[in-house]
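By letter and in written order, the chains are A, B, C and D; residue numbering begins at 1 in each of them.
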Amino acid sequence: MSSRKRTTALAALGVASVLGVSACGGGGTTGGTTSGSNAAGGAQKGGTIYWLTKRPAEHMDPQRTYIGRDIFNQQRLVYRGLLQFPSGKSGADAIVPIPDVATDAGKSEDGGKKWTFTIKDGVKWEDGKPTTCEDFKYGFSRNFATDVLTGGPSIYPLNYLPSVAKAYKGPYLKTGQDVYDKAVTCNGNVLTFNFEKPWADFPQAVAGLNFAAPFRQDKDQGDKNNFVIFSNGPYKAQGGKWTKGTGATFVRNDQYDPKTDGNRQANPDKFVFTEGLTNEIITQRLIADGGNDKYAITDRSIPPAFYNQITGAVEKRATNVPSPYTFYILPNFNKMKNLKVRQALAMSTDRSGYINALGGAKAATLAKSLVAPDLPGYKENPAFTMPPAGDPAAAKKLLQEAGVAMPYPITYTYQGGTPTSDNAAAALKSGWDKAGFSVKLAPLTDTYYDVIQNPANNSFDVTEGGWGADYPSIFTVLPALFDSRINLTGKSNGQDYGNYKNPEAEKIMDEAAAAPNQDAANAKWQQLDEFLGKDVAYIPNYIQNFYFLHGSGVGNYNQNPAVSMFPDLGVISVNKS
Amino acid sequence: MTTTHPESDVILEVKDLQKHFPTRTSGIIRRASDPVKAVDGISFTVRRGETLGLVGESGCGKSTAGRTMLQLLEPTGGSIHYNGRDITGAHGNDLRKLRTEMQMVFQDPYGSLNPRQTIGTIVAAPFDIQGITPKGGVKAEVQSLMERVGLNPEHYNRYPHEFSGGQRQRIGIARAVALRPKLIVCDEPVSALDVSIQAQVVNLLEDLQAEYDLTYVFVAHDLSVIRHISDRVAVMYLGKFMEVADRDELYSNPLHPYTQALLSAVPIPDPRKENKRERILLKGDLPSPINPPSGCVFHTRCPRFREELSDTERKRCTTEIPLVQKIGDHEVACHFAGPSKVEVL
Amino acid sequence: MSTWVPTEGTSEALLSVRDLKVTFPTEDGLVKAVDGLTFDLNAGETLGIVGESGSGKSVTSQAIMGLHRGTRAKVEGSIGFEGRDLLKLEDEELRVMRGRDIAMIFQDPLSALHPYYTVGNQIVEAYKIHHGKTSKSAARAHVIDMLERVGIPNPQKRIDQYPHEFSGGMRQRAMIAMALVNNPRLVIADEPTTALDVTVQAQILDLLMDLQKEMNSAIIIITHDLGVVAEMADKIMVMYGGKAVEGGTADQTFYSAEHPYTWGLLQSMPRIDRERLERLQPIPGNPPSLISPPSGCAFHPRCAYRDDENLGCSTIVPEFDVQDWHPVRCLIPAPKRKAIFDTEIRTPSS
Amino acid sequence: MFAYIVRRVAAGMVMILAMSLVTMVLFFASPVDPARYTCGKNCTPELLEQNRKALGYDQPVLSYWVDFTKGIFVGSEFPKDPALKKSAPETIADCPAPCLGYSPQSSRPVRDIIVEKLPVSASLAIAAFIMWMIAGVGLGIVAALRKGTLVDRAIVGSALVFYAFPTFFIGLGLYVFLALKWGIVPVPAYTSIADGGVGLWLQGLLLPALTLALVYIAGYIRLTRAFVLEAKGEDYLRTAQAKGLKSGRILFKHTLRGALTPIATVAGLDLGGLLGGTIITEQVFNYDGLGRTAVMAATTYDLPVTVGIVLVAATFVITANIVVDVLYAVIDPRVKYS
């Protein structure tokens, strides 16, 4: 799963209990961590790695998978696509797409509208049949069956093929098949995508998501396939499927030929995934480091209650890195129409108080933009100059300049119900109150999204959100949250909870999307971010940190932006003592 | 239906009273089957100021009869006239008003008192239910009642468990007489008490009867107590009256073979007399009230039927239900009523 | 009958109880349930113990059976049975005697029989435990015979029925069959007919007397019903507050009763065989506390004839002279007691 | 008796159908839109509508229930889309009777999920049941026989300690100390007999079953103790003693037969309740049984799985009730059903 609901819930639940969800690429300059006694390259082969987690995987169907963790685990173990991100690299190097089943990183023509890939020979499915161009074409067609295959990131292919989407309902109903056959073609082993608008970062999208993964038509059973795993990668699932609530065991796929790859190290013989554990149990097991837990890894952060136990030898097995998820505070533009008032709000936002409530520096890092630092084109947003704890005095001045009656009453609506979320909200209230606001806290539980996604509901002045990029492009961040044309439909405000609607901002978005190359696009995105900052469309709050433990027998342990800062299974190994 | 003038000396007139409890068949769909005929057609009158004793062995229907005549159980058939007024099937407000005039004293003095209520509350309950405030207030009235039945009025705030069995029965009596009823049905009021205490309660009931001009229907299995307290006695067997007569007449000259057997079975606290007595022993067990014997319900155990009758006479007993006939001052339901051949007492 | 019990050491009675005391510790204090009881019982004889609830009559029977062993009750004195003191026996020695030499009939046969086992099962068990070598079929045949003797019709069928399938009277018959199955020398019947209807009571009492004649057993019948003892007992012991207050033959007790409590019992009972004369004469007040009994004579607070000044009823504890032929625990001089009985107490035969 | 059982079973079935309706009505009345949970991240109103349709929540609750009930008796198929069935029959999931619905979140018929998870819950329940019956009843008898002594107080007291602690704490305590910190037992994980043999199956069951048993033991000690003490006061025991029976026979034949009958009743009902899943224990030990699945289904708004488990659990409880009542008639000859 990776609904915005869950993503935003992160903010409310706090870092410690947050679910590692939401698709993401990453990139840029920060993250990346490697530990373990074996350096990459010299890793031992064999052994079993145990992945312990809480949140069950919701899909194993590549076209339906939208959770970063699951996308990259699928890519590293079982699903080989056209392109991939390199294993074990750090920083910006980690998110440069490299060929996988394609012979190269793709060629674009027509200003990014036409993309062609050539399919390698020798990449076989687990039953020994070759992975063909037709498999890719068929896999891509499944994105259009939105009524059968729910939950996936089909919005991207549909966005770039709007007229196909109108005519074609996927490979099951087959209506409009001819239209699709023109948009995506196979000529021998050459696969061509004919998009209706330029898609400059298509390679990033292909490597960062699995919507373009190949799929065997003879194996397709629609929804029934959801947890079936049919591999063309180095491993295959025992029993051919994932068991929801339990997990799965992956063993080596004898049809995999490493010579066709060169990226996945595929060191362990076996991967065992166990889902449904609690964060506390995972942490306790990893601290204890007994039995098979010596070879265990996780995607669950250490809860703050355990921070004082992470010392000595245990501390050496802990990693703390910023995740790709950024959390922000946003004013409701239906209510807070005065720019000065919004500026005063931003100026008095006590972000360090908020982070302390979450568990401090180990739990979260101060955000300087809604855009995550790993994304290509990231730049600190120059509009946000306020100190981490806010400046109530300066804010008060701004409020006075705004000429509004003080105290200025506002309602802060957040997803509450936990002590952590309530403490965090209290920290915000205290800062804002000092500046001359009069803050009413409105914690909501089940009805949270009914309130903040309802454009007619003006009960709140301020709320919060959280977001991670779907693939390494700011396109998947800012327009998704602030483009009124895709969000505001009358019935719902989509992800634009603040009902932000600004033609000037949208013009910049269009220019960025139409940019012929990534550098040009990134310059435009930076301009957009600054514009949004000046307009106080959002206030960057914090970046959630990943604070993971791993077992003492794990070698080549690496978290990097290529895999959304989760443990990279492409390089991991077992240290045999 | 004859109506009696309110001023007449008949306070209660019961005609052909029936109380049947339904039973169901076994089987997947359960249909109603033959009912338990706990009370099966009894008729009698109770005169103002008298005590009518209702006696019989367990299962004869005497308690059910007592409850049905007070409308604590809804009668299956027959009619009940109180002071000439037909009260059969009275409910709601009518019934509530009737309760001011008709009350009940129960056997188990502990079971019929709410253990979480104080004595004051229990005795005051009739006033609350009827919405009556006596002169001088409820508390004063209750305390005077307590005093009257031989309880210490200072114990007003105590709970039932703090009292002995005899005292609890006094509480039950105080509650019953609180509204100055005209008629009280006493259901085995002394059978749970020790001998010495039993006499205290019997005396109290007699005193109250004289003082408040009460009429009693006294239900008991103890023939000695019944003889002591009753003016007239009705003997019940399997839901029917066997014999009704004035007290001393019934005990000294019982005409029904069942009455005779019953009386002869009671041991007398007099060894010499006891050694000389000859018992009329009943054979076998009480038949089921679901399928009572045909004809006379007593014939299966009747010593006279067994020992004294000819085959043709027996045929009559097994086929013909005996009607109540008047013999002297007795009303007897027996085809062959008559004095016993042995002295029963 | 001579004295209540013979002089010390000369008793040749089947059962010879001397100064029996049973006490139970409770939260409120020590309950003296039985306080110094002495009596004898010969084979073929019936002793009626009469008293109200709390008088100690049932505790006495349980003490004889040794049923207080293993509980917090303390039993003192001696219980001689065929020359052996039951209180000094080992548990196992006493167990072997239970049911074989001394048997018991309880008040409520429904609760006294195990609801989950057939009547036959329970009686066969009672027989087999003391006749280990008897085969199952022989034991069963014996039990069927026994059921027949106690007047249970169709015993071959009834033996395999459960207690709840028996009527009250039949259950008590079965209970009697169980008690008598081993031909015990002594049968203790604790209120054996209280739960039964009069007509059934008559049957059961008749049965007990017949069987006693047949087996020459001694019977202790415990009851509150003077009618029952009048019918059954050769001698009677009236108990009050854990103590015997009057002991004697049945005639002595009914026709020349000397204790005011016995008088009270006789006076307070309504009589079936008599026309109603006047009000009942109840014994005023309530039974005494067994934890802190009244000082002096335990009955004095309820006694109509007490004389504190001259006799010291409230201070002096009256004796029960077991060497007397009609012992009475009363401070009123004997001639005066006789005079009161003759003039004020309605005699049963009057 | 047969007629009685037929009547009870019929009444139970009606109750189960009524429960399914109540569960669905409550679910449909909830303000939460379950389609949001399946829609994915960049969800649009159109996608949301498609999701709702795929989930089957676009119809009124009553027709949803009628569909469901029909499925129980005649089976069903998912999705119910004739066009799709015609063009791509391989995508239609067949769900033969008794069909308990299809979980779109798990992409499989609910019955398959239950068949998969039930052995886990049942293993746990039965293992715990055996533990607590042996320990609870045994200690209860000892406590009753030694009433008032130090032994009695020690047994009742220590039982109370476990009784006072929430299951979660007991489970976590056992898990962390016995398995993780001290390593006395292996980290518990469920292994089916088919996968790991009886040995591994039992090994995996040890801690979770112990946790569950500890919670129940206290109750059974108290219950057994009370019933044995009550039975000891019964007149029929005095009779048994008066017959001259040996104490062992009195205890085993006469005392326990009466005392353990009500225990059997309670035990049957408790076991019936547990077979439907043990939420906390399964969660603490990550046992993928019905209890944990039910919680997961409830938190992800997976109605079919929720309803399915509710019904299975209810069936166990109702069946246990019937079995216990019938058993009662077997144990106690006084009880007769007609």
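Some points to look at:
In this section, a residue touches a chain if its C-beta (ideal position, glycine included) is under 8 Å from a C-beta of that chain, and two chains touch if they have at least 3 such contacts.
No experiment lies behind these values; they were computed from the predicted model shown.
Between the chain pairs A-D and C-D, more C-beta pairs are in contact across A-D. Each chain gets one centre point, the mean of its Cα atoms, and the points for chain A and chain D are 39 Å apart. As a whole-number value, the distance joining the C-alpha centres of chain A and chain B reads 87 Å.
Computed centre separation for the pair chain A/chain C is 91 angstrom, with centres defined by C-alpha atoms. In terms of their C-alpha centroids, the spacing between chain C and chain D amounts to 55 Å.
In chain B, no residue touches two or more other chains.
Looking at chain A, one finds that none of its residues touch two or more other chains. Looking at chain C, one finds that none of its residues touch two or more other chains. By the definition given earlier, chain contacts exist for A-D, B-C, B-D, C-D.
Across the complex, chain C meets chain B through its residues 52-53, 167-170, 197-203, 205-206, 224-231, 233, 250-251, 254-255, 264-266, 268-273, 275-276, 279-284, 286-287, 348-349.
Those residues of chain D that touch chain C in the shared complex are 234-236, 238-246, 249, 253-254, 257-258, 261, 331-334. Within the complex, the chain B residues that touch chain D are 24-28, 30.
Within the complex, the chain A residues that touch chain D are 1-5, 7, 22-23, 56, 58, 66, 146-148, 150-153, 155, 171-174, 220-227, 243-246, 274, 276-278, 280-281, 284-285, 287-288, 290-293, 446-447, 449-450, 470, 480, 486, 489, 491-492, 494-495. Interface of chain D with chain A (complex): residues 30-33, 36-45, 47, 50-51, 53-54, 78-79, 83-84, 87-88, 90-93, 104-108, 116-117, 172, 175-176, 180-181, 183, 186-187, 189, 283-284, 286, 288, 292-293, 296, 300.
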